[in-house]
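The following pair of complexes shares a single chain, subunit A, combined with subunit B in the former and subunit C in the latter.
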Partner chain A sequence: MKKNWWKILTVVLLFYVLVMGMVGRVPRQPILNETVRNLYFHVTMWFGMVIFLFTSLVYAIRYLRSNNITDDDKSAEFAKTGILFGLIGYVTGALWGSATWGDPLPKDPKIISAAIAMLAYFAYLVLRGAFEDEQKRARISSTYNIFAFVIFNVLIWILPRLTDSLHPGNGGNPGFKIYDSDNVMKPVFYPAIMGWTLLGVWITTLRVRIKNLDRKLSEV
Partner chain B sequence: MIPLKRLVATVVLLLTVSMNLLAQQAASQEIEMADRLREDGKIWVVVGVIALIFAGIVLYLVRLDSKISKLEKKIH
Partner chain C sequence: MNEVKTLIWKEITLEWRQRYALNGMLLYVVSTVFVCYLSFNLQRNLLTPIVWNTLFWIILLFTAVSAIAKSFAQERYGRLLYYYTLSSPQAIITSKIIYNCLLMMALSITGFGFYVFVMGNPVGSLPMYLTSIVLGSIGFASTLTLVAAIASKAENNGALMAILSFPLIIPMLLMVIKLAKNALDNLDMSANQDEILVLLAIDAIVIALSLVLFPYLWRS
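And now, the complex of A and B:
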């Protein structure tokens, strides 16, 4: 139970976010109206994705230094959770966009970049599936992971800022701060990032444990 | 010739109608939010549904977690 305190924190944080996200006070903005609440749900998915993919990179580098196969397991599972959050972020963004921008997938540099970045990680999964030998798969996919993370960051942080974009904080647009000028959303937004990220970590640890069990069973 | 009384009545009528229109325009210029929804208290129904779904997912995760823990104990 001592090791599980953060799971309770996850549930408490997310419960708070779900309730306050629906009934809490939000700034009044034209066009956005009540959809500004998606900040707690859609935007946090992308925050979670970046955190998971970074963790995946850290474990990939650890594997390359240690050759310990459990590091590769963790790296792969964090990447998978990151991809899951990315897919959810993409779908929720399409729904939000169809209500506010009038198009689920407008030709926005950030949306296209995100799609290409996701493809780089789909390629990672395909690459992993192409190897029979465990150590070979781990070594090559860990190396690819470093490459994919660099491409991912260039695509989602740098390129959309060089051109015009609908997303706040990109292409000369002001950041999200202008929508929340009196800081009423931050007390829900920061717990939301923490809560959703912790939920993803929880799911990842479950998958890593199943992988460990599977490995132990096949050794017997 | 139109009687004066009727003329005045018509002007007053037109004015009141146009005032009404002006008032409506002002109302629509305000930013719409789901105020009524929360005034009615019905938003809590949605919050309740979301909370129940979330509770279900958490329960599922907790059970999955404990099942994996049991398997780990069996194998170690």
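And now, the complex of A and C:
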């Protein structure tokens, strides 16, 4: 029980976010209208994706230093959770975009960079599938993971130089703060980031445990 | 330093001995350009400078992927072991990167000559355009060399090379197309400084990463 307090916290936080997200008070804004509630479900996915891809990078580096196969398991599973969050972020973003920008997929640097990150990490999964030997797969895919993450950061850094963004806080747009001038969204937004991230960690730990059990079973 | 020089010389000698590979790559560029020429022959006025530029860089991208993919694939297992006893991994990856840069420059400048010959020449500032080709070749070669090393570890690496490299080459490709577009419009030098610096910075990051990561790949 002592080790599981954060799972209870996840459930409580997500219930709070769901209820407040659906019926809580939100600022009235032209164009945005009720879609502003998507802040709790779309923006948090992007946060989650970046956090999980970064964790995956950290475990990839740890694997290369330690050659411990469970580090590689964690690296792969965090990357998969990151991809899942990225895809959900895409869907929620397309919903939001079609309501406010009139186009589910406009030409926007953040959308492009997320798409390229997805491509790179799908390639990572395909690369993992290409090896039979566990240690070899771990070493080579960790190398690719590190390379891909660095290039992904370079991309985020250079893309805004090429096209302007529609997202708030970019390309001369005001940040999201001005829409939430009386601070009614922050008390839900920050717990939402935490809740969704914890949920992702939970999913990942379950998958890592399944992998460990599989490995033990195949050894027996 | 001497080690690197010897290794580069070895690459060049090997390439020269099996000239069919080199000739094959040259023929690959030339026939792709010719296919584009024939395809656009139906309606020449559709070939605006933007299309001209994009088409050229896409041809170069595919040439780079297929030319560099073989830089590790052609080494047999026994020969790799032999290098392992003789030299440091850093020297090997440096020599491969430098050799691939030279190869890409030769291929892309030949390709550019033939492209201008059949498709016409809308370039405003030729020296700037050649600069962008040189920078682009260096960038492609340095990014793709490590990817080729990763792909060569898996069997069936032709398809793998393409899916692993396309997401990673995009930042480079976007910057270089922008630079080439500026050269096409004959913009002032001051407008290009930013792109050139960014390209050099990406090259530096990618080369540093290759030096750090290659020793891990090498061992498997």
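Please note the rule applied: the second predicted complex is superposed on the first by the 213 of 220 C-alpha atoms of A that agree within 3 Å, B and C clash if a C-alpha of one lies under 4 Å from a C-alpha of the other, contacts with A are read in each partner's own complex, and residues count from 1 in each chain.
Definition applied: contacts are C-beta pairs under 8 Å (C-beta built on N, C-alpha and C of every residue); 3 or more make two chains touch, one makes a residue touch a chain.
For clarity, every value in this text was computed on a predicted model and none was experimentally measured.
With both structures placed on the common chain, the touch criterion links A:184 to neither subunit B nor subunit C.
Contact with subunit B, but none with subunit C, is seen for A:34 once the two complexes are overlaid on the shared chain.
Subunit A is touched at more residues by one of its partners, and among subunit B and subunit C that partner is C. In the superposition on chain A, no contact is made by A:8 with either subunit B or subunit C. Legend: residue contacts after superposition of the two complexes on their common chain; A:91 is shown touching neither subunit B nor subunit C. Of the two partner chains, subunit B is the only one touched by A:209; subunit C is not.
Residue ranges on subunit A touching subunit C, taken from their complex, read 64, 116-117, 119-120, 122-123, 126-127, 130-131, 135-136, 139-140, 142-144, 146-148, 150-151, 154-155, 158-159, 161-162. Subunit C contributes residues 143, 146-147, 150, 153-156, 160, 163-164, 166-168, 170-171, 174-175, 178, 194, 198, 202, 205-206, 209, 213, 216-217, 219-220 to its touches with subunit A in the complex.
Of all residues in subunit A, those touching subunit B in their complex are 7, 11, 14-15, 18-19, 22-23, 28-30, 33-34, 202-203, 206, 209-210, 212-213, 216-217.
Listing the residues of subunit B that touch subunit A in their complex gives 31-34, 38, 43-44, 46-47, 50-51, 54, 58, 61-62, 64-65, 68, 71-72, 75.
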